[in-house]
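What follows is a pair of complexes built around subunit A, which joins subunit B in one and subunit C in the other.
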Partner chain A sequence: MMRTFLSLVNKEILGFLRAWGLVAVVLYAFTLDIYIAGKGIELQAKNVSVGYVDESGGVVSLKILERLHAPQFKPPVRFLSQKELDRALRNREIMVGLLFDNDFSRDYERSGHARLNVLLDATAAAQSFQALQYLQHILLDFSEIHFPVGLKIHKLFNPNATTSWFMSLAELLSMMTLLGVILTAAVFVREKENGTWDMMLLMPVDPRLIILAKSFSQVLILSLGIVIATGLILFGAFDVPIHGSIWAFFLLSFFYAFTSAGIGLFVAAVSRSMMEVAQLAIFIMMPLIFLSGAWTPIHAMAPWLQKLSLISPLRYYIEGSESIFFRGTAWGDLWPYFAGVIGLGALVYLYGFRRIGRLF
Partner chain B sequence: MSAPLLDVQNVTVRYKETVGIRDASLRAGEGEILGFIGADGAGKSSLMHAIAGVIRFEGMIRFRDRTFRSPRQAEALKPAIGLMPQGIGLVLYRNLTVAEHLDFFAEIRNLKQDAAFRAYRQKLLEMAGLARFTDRAAGHLSGGMMQKLSLICTLLHRPKLLLLDEPTTGVDPLSRLELWEILQQIRREEGTTALISTAYMQEAARMDRLLLFDGGRIIAQGRAEELTRSVRDYCYEPTDCPESRCIRTLDTTYSLEPLPAPKKEPGLEALFFVEAIRRGKIPPAIEVSPRESAEPIPPVVMEARGLTKRFGDFIADDHIDMRLAGGEILGLLGANGAGKTTFIKMLLGLYPIDEGELTLLGRPIRSAADRRELKARIGYVSQHFALYKDMTVLENLRYFASIHRIPQARARERIRRYAEELGFAPYLHALPGDLPLGINQRFSLAAALLHEPVVLFLDEPTSGVDAIARAQFWQLLQKLKERWGIAILITTHYMSEAEYCDRVVLLKQGKKIADDTVENLHRRFPEAKSFEEIFLRFYKEDG
Partner chain C sequence: MKLGVVRAYMLKEIKEMLRSKMIVLVYLLPTMIVILFGYGIRLEVTHARTVILDHDQSRLSRDLIGHFRHSKYFDTRVMNITEQQALHRIKQAKTEILIIIPEGFEKRLIQGVGTEIGVFVDGAFPIRGETMANYVEGVIFDAARRLMPPKEAKLITLDNRNLFNQAMRDENAIVPGLIGLILLVAPAILSALLIVKEKEEGTIFNFYSSPIKKSEFLLAKLFPAFVLHSVNIFLLFLWATWLFEVPFRGSFTLYWFASEIYVLISLGVGLLVSIITSTQIVATVLTIIITIIPGFLYSGMLMPISAMSAESVIEAHIYPVMYFNHIVYDTFLVGQGLASPKNQLYLAILLAYAVGLILLGSFLMKKELR
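Let's turn to the complex of A and B:
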């Protein structure tokens, strides 16, 4: 029994290692892809290009411009007319255009009330509005109004609000899902494609053992992948802090790997070729990731979507992992996440198991 | 002979890592039919595609008065060339009717659809026997009809040079005869030159000249009688001989040195054997040691009554009765689509049985549970030798051994012995994809034999394999039968292989049309020269 199981697992691992294309994809997904996501997806305003036209000739405008500095802003560029500023904005040379017109200094000095015209390229919505907020802060500093309450801010868990920590972790967890589905489906569908499916059916082995061994082999590969990604990218490249137990994270990942393997079993049951696997995997994955809170906080979703997200196992996995990494939640308090991942995972895995089992 | 219509000089086709055909030269005159004979991967298709101007090659090809060295230069000649690639119905569209196909091919060829064209089109339809079926979708035609339709679609633009890549492989004997009749008539009336590759040696007699392909080279060319005459001195009735200098098959012994045995009239395949001896590529003799298990072989291994399989409206197998006795080689013969593979898959439980009763190894089969323990006593080699391509031969065998729970020491010993006896020991650490078909065939059989089954199901194990490997394979089956006494059910579309079976069942479009021992068949048709002829009778009788 054990020997059969091991040789089934061994065969799949061997098959995986020999399919260098697949190995390359998995390595990419667990390293470079997560690195790019951490580096590339920036929600904060950074390096915003600013252009301005200064017809006021006053000191105030220069003082304001002085306050636009790195890392949020690039050095502002001067334009000679409003028309040029307009053109630069449309050509995406700048994201923010400031227009100090003739009346600006005059009004400011006479009435203490001036109007600064701001042109925004709102295609990069989040960034341009953040830039606007910075601008408002700067202007607020200038204003004479004294309000007797100031803010003293304590950013918990992620003091510098480093986006890369969050993004790389979320990407890693999404990749776990996607790869789990595709790898598991692949071990079955490749047999269909290569015509070895019949040979598999004719083996004098309990079909349940075959399914279990095949999916377990991919869970092993995923588990190894998550260790590599955590060490190399999360800790190595981004210095993500971990306040909880890394073993808790690995254990949660191990259980979650079975969940995604379960989806993979279902996909394998209904696909005849790797092409169909890829299509179906993306089709199933997208809502799962949308609903998980990987890209948007769950509390910001429409109420009915929030309810729906309760049945996404990825949600518990992401929330659990964030708790382990950033909040340092203790083992005992992690049970809702473990319960969510194991409970939903068991359902998904059993369903997939029965679907593919019907083909035996 | 005047200047040849086609002159091919030193053509070599290279693929990324392999050479398709090396240094091939040939000439063909107007109205000549040239036959390409050889196994899969011997270089026939590569040369044909080079001549058709669809792949890159080195060397030179002259057709009429134009010379080309690349597909681009061949472009101007395309209207005069017709190529029919390998694979039944490959150029057809399942949902288009026969008439729509002809219209479609006329349009892409930009043919003027005048009265003369319409008359020619009608004549083709009648020659192919498709005139009554112009409204039928190609997907609903039989394999033979599909090939006839493909052929007349290729003939529609009246090519002067016809290139047909295995047009008859897997086609039933009657349709094959009809395909040949169409070709003869076209050659007579249009003066078309044709290059035709074939998997069947028997068809060689219909060619004007033959080219024999082996391992990417042309090893001989000439008229069939000339070729067989050239090796007549080397063929003997089966006899013993020094192993290193001759090759023995079930019905012939080939030797360059004189042997004290009666001579035998050779067939074309003799050329491949003689060539192998000349080049010192003598395959090791096949040996089979007795099986270790003492499990007795039951007198009746399989009994099927009225087995039926339907796919929608299509009846793949129609109430088939069959009986397989212990120690018997039963040949299940038929064209592609006759229902051979479906039948085997029903026996194995890979397809549910729609109707009928099946008894396997003395046990009536009603559910999947009935089959479970039988799996360990059945050996199966599927079409195309489907084993794991990403594992070496040795890894594959080890895997199957452990799945069958053969103790490790015994498994190691058995794998070593099979590798020696079946002659694939040098290839144990190679990946199956890099090996010749013949080696794959024998190692797949070894995988199916590891657990010493009492019955073997083999689905087209000889398809596309070269003459020598095929002869060896049949020798091997014979030895297995003698030494092990196991029952073997084998499917094949080579009618000539019926000779090596004890009993044959002939299927035609899902129906059994013949079932008799080989001896009886010979007795019933004493004047028939080959099994090809015998089966043709059954086909004609059946209407």
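Let's turn to the complex of A and C:
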């Protein structure tokens, strides 16, 4: 039986390697796609464009402006009137407008108190809010008041807030989900499309063994993909730190690969062509990916979504992987994630297994 | 051009779409994306799970805790555990912020000796970590400033006005950008599939061998797609304003007109894809790859164009998304309309893109087997 199993797995892997188009797509997804997401999606405010109108005529405003520099700010641009600044803001060429009015430097010299008017283009809410906080920092620094309270802030796990670490990992987990479904569904549907399905039915092998071998071969491909992506892109290109155990991550991914293969089995059972596989996969996986915390932590979402996400195996996979990579959670504390992935995964896989089994 | 032929061909297209469930894809996909992204992307931080260790137990420390308690940004719990245990909670992702008020906090403050509050923030989500750290800083400095005699507290205060999106809602910032993403992806997929499907199934030979002209064929293919997706323009508008309560301050006519042109651009992209591909699956994947990346990264939705690095700005100007998004954000949040020369220019650029892409597509398409 083991020999039959192995030769079936072997057949599927050969079939995969010969479909060069599929190999190219999988390689792209596990390397370049993750690279682009990690490199391109930057959410932190950098290079903020600043414009100012200076009617104060003093040196204070110039001293403040000097402090707006890279990487947070672009060199401030001077506008001659508030009207011009307004127009630039409306055309979204400038994100932060500073108005130093007549009394600004007089007030500052006389009493130390002064008011600086700031106009923010809040169409980009997150970045303009951050820019405001940068400004607050700069002014606090500038005023040189000695607070009796010191603050020591430790940003744990990612002290410089490098977005690429987070984005590349999130993209890898999403890709893992999407490919797991599409690849597994593809090995069955290709047989339907090519007309070799009947040969499968006629084979003197237990259909359960066929299903198991077919899905296992794809789990192997996925596992290899995740090793390549982790080594080449996460560690190689982005220097993502790993505070926990890499084996924990690989093990969790291995179990999760079975879960997504299970969804793939279900998709394969209900679709007749690759086109239908692609459509169904998108409609099932997109909600799963977006509502399981890939882009936003679960507890930042609407309460009803939080409850819903409890039944998503991806939720546990994402939280678990982030904990392993960034929080450095120990093996013993990882059990909720393993339990979630394995428990829900087993249910999903069994369901998919039975659905596709009916076709034999 | 024979209108009778075109009409017959169009009828066939529409019937096929209805039969093949393609119509579901046309209307479900845009709505799904806008709902998923609209709900699924949250950059603002509220209710951060905060644990405070109060080693001082004095009036001042309780006062400071009160400041955190009354803020909607924090869900504060004062706990009586060790620092190690609290840090462990962060590792287990049960807590995001840990604030440690040291012993003798009040005494040292009154004596005027410096004291230090320790803050630990979970930085696994970078932008969230950064924002939380800034919030904590803000609350503590605000509390400290109130304690100081006003003379000493020399400070330049910021008086900020948040233009276009006063409450800084994420929905207002993201949902209009999603319209630019969806109307680029969805019509392109549809138009590519309509043509590639015939190639894959071999029915394209009907077109090769019948006397129908290339222009008639394209009109019959693209016009139904255009009309179907025009409905999406209204549908997306409805989701944005009704479901996500994004304000609409500009002219609806401008939004409508610009969107129709933009749908044409997208159809043109799909047409080009259909020329170089021969199977539906490859056509879908290729369309998604070439439309989603500019739609996300170079559209100004997640990152404003003005805050991009120089090379990204150049790249952004290559894709049509940026021009469309500028107009959409303007009609939703800013409300300048056609009075602004920039909007006029961008509208003209969009028009040029639409005409250019469709002309290029119909020029490159061959009415013969190669």
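The criterion applied here is as follows: the second predicted complex is superposed on the first by the 327 of 360 C-alpha atoms of A that agree within 3 Å, B and C clash if a C-alpha of one lies under 4 Å from a C-alpha of the other, contacts with A are read in each partner's own complex, and residues count from 1 in each chain.
Just so we're on the same page, contacts are C-beta pairs under 8 Å (C-beta built on N, C-alpha and C of every residue); 3 or more make two chains touch, one makes a residue touch a chain.
The structure presented is a predicted model; accordingly, all values stated were derived computationally and were not measured.
**Q** Which partner, subunit B or subunit C, is in contact with more residues of subunit A?
**A** C
**Q** For A:81, decide between first (touching subunit B), second (touching subunit C), both and neither.
**A** Neither: A:81 stays clear of subunit B and subunit C.
**Q** When the two structures are overlaid on chain A, which partner does A:102 contact: first (subunit B), second (subunit C), both, or neither?
**A** Neither partner.
**Q** By the touch definition at the top of the document, which applies to A:117: first (subunit B), second (subunit C), both, or neither?
**A** In the superposition, A:117 touches subunit C alone.
**Q** Determine, under the contact definition given at the top, whether A:49 touches first (subunit B), second (subunit C), both, or neither.
**A** It touches subunit C, and subunit B stays clear.
**Q** Considering only touches as defined above, state whether A:201 meets subunit B (first), subunit C (second), both or neither.
**A** Once the two structures are laid over each other on A, A:201 reaches subunit B alone.
**Q** Quick check on the complex: what are the subunit A residues that touch subunit B?
**A** So the residues of subunit A in touch with subunit B come to 3-4, 7-8, 11, 14-15, 18-19, 194-196, 198-199, 201-205.
**Q** What does subunit B use to touch subunit A in their complex?
**A** Within the complex, subunit B contacts subunit A at residues 345, 348-350, 372-373, 375-376, 378, 380, 382-384, 386-391, 395, 398-399, 402-405.
**Q** Spell out the residues on subunit A that touch subunit C in their complex, using ranges where they run on.
**A** So the residues of subunit A touching subunit C come out as 21, 25, 36, 40-49, 64, 89-95, 108, 111-130, 132-133, 135-136, 139-140, 142-143, 145, 147-159, 161-163, 165-166, 274-275, 278-279, 282-283, 286-287, 290-291, 295-297, 299-302, 305, 319, 322-323, 326-330, 333.
**Q** Mind pulling up the subunit C residues that touch subunit A in the complex?
**A** Interface residues on subunit C, with respect to subunit A: 25, 28-29, 32-33, 36-37, 39-47, 49, 88, 90-93, 108-109, 112-131, 133-134, 136-138, 140-141, 144-145, 148, 152-166, 168-170, 172-173, 280-282, 284-285, 293, 296-297, 300, 302-309, 326, 329, 333-334, 336, 340, 342.
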